[in-house]
Amino acid sequence: MLLHLSTWMEIEDYLKRSKTVVIPIGSNEQHGPTGLLGTDWLCPEIIAHEAQKQHPDLMVAPTFNIGMAQHHLGFPGTIALRPSTFMAAIGDWCRSLGLAGFERLYFLNGHGGNVATVEAAFSEIYAEATFLEKRRGFAMKLKNWWELKGVLPLANRQFPTGHGSHATPSEIAVTQWAYPDAIKTANYAPQIAPTGPIREAIDFRARYPDGRMGSDPGQATPEKGGELVAAAVAGLMDDVAAFSSETAPI
Amino acid sequence: MLLHLSTWMEIEDYLKRSKTVVIPIGSNEQHGPTGLLGTDWLCPEIIAHEAQKQHPDLMVAPTFNIGMAQHHLGFPGTIALRPSTFMAAIGDWCRSLGLAGFERLYFLNGHGGNVATVEAAFSEIYAEATFLEKRRGFAMKLKNWWELKGVLPLANRQFPTGHGSHATPSEIAVTQWAYPDAIKTANYAPQIAPTGPIREAIDFRARYPDGRMGSDPGQATPEKGGELVAAAVAGLMDDVAAFSSETAPI
Amino acid sequence: MLLHLSTWMEIEDYLKRSKTVVIPIGSNEQHGPTGLLGTDWLCPEIIAHEAQKQHPDLMVAPTFNIGMAQHHLGFPGTIALRPSTFMAAIGDWCRSLGLAGFERLYFLNGHGGNVATVEAAFSEIYAEATFLEKRRGFAMKLKNWWELKGVLPLANRQFPTGHGSHATPSEIAVTQWAYPDAIKTANYAPQIAPTGPIREAIDFRARYPDGRMGSDPGQATPEKGGELVAAAVAGLMDDVAAFSSETAPI
Amino acid sequence: MLLHLSTWMEIEDYLKRSKTVVIPIGSNEQHGPTGLLGTDWLCPEIIAHEAQKQHPDLMVAPTFNIGMAQHHLGFPGTIALRPSTFMAAIGDWCRSLGLAGFERLYFLNGHGGNVATVEAAFSEIYAEATFLEKRRGFAMKLKNWWELKGVLPLANRQFPTGHGSHATPSEIAVTQWAYPDAIKTANYAPQIAPTGPIREAIDFRARYPDGRMGSDPGQATPEKGGELVAAAVAGLMDDVAAFSSETAPI
Amino acid sequence: MLLHLSTWMEIEDYLKRSKTVVIPIGSNEQHGPTGLLGTDWLCPEIIAHEAQKQHPDLMVAPTFNIGMAQHHLGFPGTIALRPSTFMAAIGDWCRSLGLAGFERLYFLNGHGGNVATVEAAFSEIYAEATFLEKRRGFAMKLKNWWELKGVLPLANRQFPTGHGSHATPSEIAVTQWAYPDAIKTANYAPQIAPTGPIREAIDFRARYPDGRMGSDPGQATPEKGGELVAAAVAGLMDDVAAFSSETAPI
Amino acid sequence: MLLHLSTWMEIEDYLKRSKTVVIPIGSNEQHGPTGLLGTDWLCPEIIAHEAQKQHPDLMVAPTFNIGMAQHHLGFPGTIALRPSTFMAAIGDWCRSLGLAGFERLYFLNGHGGNVATVEAAFSEIYAEATFLEKRRGFAMKLKNWWELKGVLPLANRQFPTGHGSHATPSEIAVTQWAYPDAIKTANYAPQIAPTGPIREAIDFRARYPDGRMGSDPGQATPEKGGELVAAAVAGLMDDVAAFSSETAPI
């Protein structure tokens, strides 16, 4: 079920048989000369929606589409939440879902830059219960889609060089598979982008002039994207099942 | 252009010819026995994307899909930001778009409950500039889609009684037009829901047991939804043009 | 009763017979060449205190005298809270009055620019209860004094043209009636001020050089002010009675 | 000049000859069986307005009437800001007055419980400039009215025993002088209230059942209040003059 | 016991016989040409650790080593928390210790600039309970080490002139006693530093070019420091005992 | 140099030859039946101070001794900052050091639970500059001491089984080496503690009854601790040198 295409009564029924919800989360940020600005939220949405299509009873929430991308703000089209804002928003999403009765909140993430802040947000949400000497009532998990079982090995076979860490051929391939009308091309110079640290936006743009980090996105194809989605869907179903069956200590 | 299906270089080019961006904004909240939880963010997204399809150079940002819906949290599936969180998030969206060079940020809204908080957010954003004795550099506008020229008169003709204020037949018709596979039916009792004030969630659910306020959503049809979208698209293009051509005082 | 001229024991007694309190709220901001800086908090205070004089058992709290006036900060004498500060303060006022046992908090407002932020504050206060799955224990209402029954029709008769939206002849007339020693005069150029949007302070002062918006305050007289106060007092008593008698759902 | 009974143009003129403004600040909180809830904000307002009457060119801002009174919230009629809210509000008042061109912000305080939080607020406001490596542009000072030159010695002569620290005969005398129609009487038991520490509200009410701390307010008379006001006015004018003539280092 | 050199099981045992903990708190800030940057947190740590050495069952927490020192930030090596940050941190320390079962939190302070903010923090922490209509469960106290019984009279005998208020010979003597290898010397010009108000950092450095306020630190010796520590330890034990034996009202 | 045992003039001199400062950071939290509550801040302090002893010109700041340990709050003696507080404090430390002229802020970390929040804090600090379209002026780096070159391989040789992730024999060995008088013993049951996820405090204590996670701390000896410190010091000097010599893009 897509939560946003359901009624509240359908959710009420669903909660009688499952307490788990999958929330695609990402970022809207520059992805080099050919990557879509939406890449990082589109990828987990594509994977989660494809999983739901194959497994209709998987509950998928609306996509959390803006994340921690302050370093990309030197490139137009990027939209970013500062970490404190991001944490407040994650908190309210989770508390809302917890009020409804969801007990397993599974965030399928598409942006490495989100990880620290989302984990900090989880700690903030747990801490609220801790300081009240209460149980939280729900558990949260964040998983990067490329870390789902089987995905990274496949990507490494597909792209033995030039995978890099931002505007990677694998994430661009996934969006090409889902949005074939939005495939872009460019000459990359250099073919494989430089690597280095991540700091404030001015520093970032000076280090990475076209926005890529360590990647050669020219290797992406819709077919490879389809393979990645297939692997990710399988990995997601396994991981969600494991999380759903976890038991809390008494 | 859909911003999220564009590259940063395409946005850079766009900004040479226009400084305006349309941001669909809404809420994910219960909409009675048959309304989709996503109704309030789907409606402005449907209208803005349809407008973009007809007018390809309209710039449409990703959808801001969670809003001020605390009063609906007694119904599962609702996700809400508290106003302070909402304002922080609106602030970071606007500052991000402003950094990119956008000067006219037009929020097309699908949820009446958002209005006060979004207007307060705008004031907070302007105040930041005011206290620094600077110009803000961009202007913001919020418009409810049903207040676009021609829409409400049409809705009143379509639904002379039982339009109400929440889970209205007009908004449900719009989603029926766009998502015909997700049309739901129910017996409404009473046919037209009660009206009254909006307070905390427990109070709300006690007053409005099935979630509707003053409405009879059973009158919605996909055809009426299509008419509403057509009217809204025309009204949107006019209103965006007026906003874009507004000049700032020297 | 004026709350601040009462003892806590008198309040304790009052709460045995009524749960309602009226809080005048406004702003301290420029009001054109002749309007008092305090106009927006003086008007509701004048009306509420006059009502209390006529109806001694009406409970009137101290005046909340600074509001959302960031756009006026280009003119000296303006004092403004940014919306986030304003919301925090409204929250603490309301929680304090709620702790005391007040169940109906009626804000009589004198500044249009306060409305969005105060409504957002109310939502924040309700949301606190909602996220704790509790009842709030009190209800809040905001009413602009010019929207009390009978006031705006009277103002329209008194000032068929040049009423405008800021530094209006009606609000200035009210202060003239109450503070006849502080009546100011000026030549207005133009006689009726321009209108337009409200943004940051620099933009505001450029659009509205003497501070007025759409108004000709030269039409104000103390007599008209007295008539307005009389109408407002009657409207206030009706509205407060209706709010006080409202019942909460079980 | 009373700022709120002036126009922005009058303030603009005033700023050509002086950069100083006096802001009465206090609290609205229980003051024992006979003390007015408004005592702590009425006293500095009474003194500042009397000073302004005698010295018309003294600039007096609207009264900041709600302060740090969390410990009194066990008694109805108390309204309190938590320190974080209070600091945010003080910050916005000061920044607003600073934008206008005021360079000496003199807070005349009526509530001992405000001191720590207001001083912390001043540090927060200075810190904002410090972290930006800028000058603040204005200086702030807080003065308790009973610490103005000559006041405490007079109070000690008037009330050699039973002055205490809350609901003191001196503050009650000042309000009796200004509001003779609101004088209350009661039998005090014990005649002099107990003393001790200040903690949360439940603890406070258990320690101080009628709200007084160490005081016998029965000794207050309007005449003594008048003497105290006269002394305070003289002290205030001296202290404000010294603050106004202070020079900043280059 | 030093809390940080204990195990949680040892703390659990300790709480069966005492509910009191001493927390050294200070600041890391410039202390003139010869004072250590750590002076203000080293002094209370030195005193509390010495007291614990003499009285092994005194519970001493880790040192809170950064405080409210914004005015010193014009001198390198200073590290400061803005008051709002400081208050949040104090709050979390206190809530943590309260969760553990400590009921008397005694802060031994080494920096006058901390007082207002720490007291405001205490009020914020009490207010949290007050607004929930609960008891707080623990009491907090702040004591400057130089105000412990016997200390200031001794310092005045040791340093009849040139004690001053910042970079005082007494605090420097204490650090000389504890860290004899880190004694520094300099020529002071003037021998006794100027005095005046405390504002933002630029203003501070202009008024106090070498960082001292009113002091002649050249009089400090390790021997005098040892005397001061001895006096402070005795005063501390008395004061902690009194605080520990205080009873709460029922 | 230990910053807190230096004067501001010594720091001013140091900044002429280096822009780097090492800040030990950790947490004060339960470490099982035998681990010191201070383990996680003592370890990086021990290593950094030992490095400074060997390399006197290494600049070491005071230790940031309280971190993100909400999950340990079910065990007395733990003191924790919620992530939002932690981030605010890290921010003020970094801004303070940046004002002084430090350009490389190197945090040597002793607590895995700090990583996400500190990284989020860094992003918040960079974002502040990004939204102002400025360079930040300094770079920040966080390094866990056990990830310094050579440390983990050594620990794995020392403790081939039962190293675990909390209350590890390696961290306890380091504190045994530095604080031989505070070595504790206990019977561990089971010898190797269980592993699993980290949630709120109640959940944590139910999963890990004596506080350990996956570890057998009984294998720790002071000698192994000394070896680990030696390796860490070497690794630290290398890593700090690399960070210090990093150049920013123009």
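Letters are used for the chains, namely A, B, C, D, E and F, taken in the order the chains are written, and counting of residues starts over at 1 for each.
Rule of thumb we're sticking to: a residue touches a chain if its C-beta (ideal position, glycine included) is under 8 Å from a C-beta of that chain, and two chains touch if they have at least 3 such contacts.
Listed by chain with UniProt protein names: A, B, C, D, E, F = Creatininase family protein.
Because the structure is predicted, anything quoted here is derived from the model rather than measured.
Each step here moves to a touching chain, and the least such steps from chain A (Creatininase family protein) to chain D (Creatininase family protein) number 2. Between the contact lists of chain D (Creatininase family protein) and chain F (Creatininase family protein), the overlap consists of B, E. Mostly identical positions are employed by chain B (Creatininase family protein) and chain C (Creatininase family protein) in their mutual contact, as over half of the interface residue numbers are shared between these two copies. Note: Cα superposition of chain B (Creatininase family protein) onto chain D (Creatininase family protein), rotation of 120 degrees, nearest 5.
Inter-chain spacing, taken between the CA centroids of chain C (Creatininase family protein) and chain F (Creatininase family protein), is 54 Å. Per-chain Cα centroids separate chain D (Creatininase family protein) from chain E (Creatininase family protein) by 29 Å. Separating the CA-averaged centres of chain C (Creatininase family protein) and chain D (Creatininase family protein) is a span of 25 Å.
Listed for chain F (Creatininase family protein) are residues 73, 80, 82, 84, 99, 130-131, 133, each touching two or more other chains. Across the assembly, chains come into contact as A-B, A-C, A-E, A-F, B-C, B-D, B-F, C-D, C-E, D-E, D-F, E-F. Listing the residues of chain F (Creatininase family protein) that touch chain E (Creatininase family protein) in their complex gives 3-12, 15, 28, 30-38, 41-42, 61-63, 65-66, 73, 75-82, 84-85, 88-89, 91-93, 96-97, 99-101, 179, 182, 184, 211.
For chain C (Creatininase family protein) in complex with chain B (Creatininase family protein), the residues that touch the partner chain are 68, 70-71, 73-74, 80, 82-84, 87, 113, 115-117, 119-121, 123-124, 126-131, 133-136, 139, 197, 199-203, 206-207, 246, 248-250.
Partner chain A (Creatininase family protein) is touched in their complex by these residues of chain E (Creatininase family protein): 95, 99. Considering their complex, residues 130-131, 133 of chain F (Creatininase family protein) touch chain B (Creatininase family protein).
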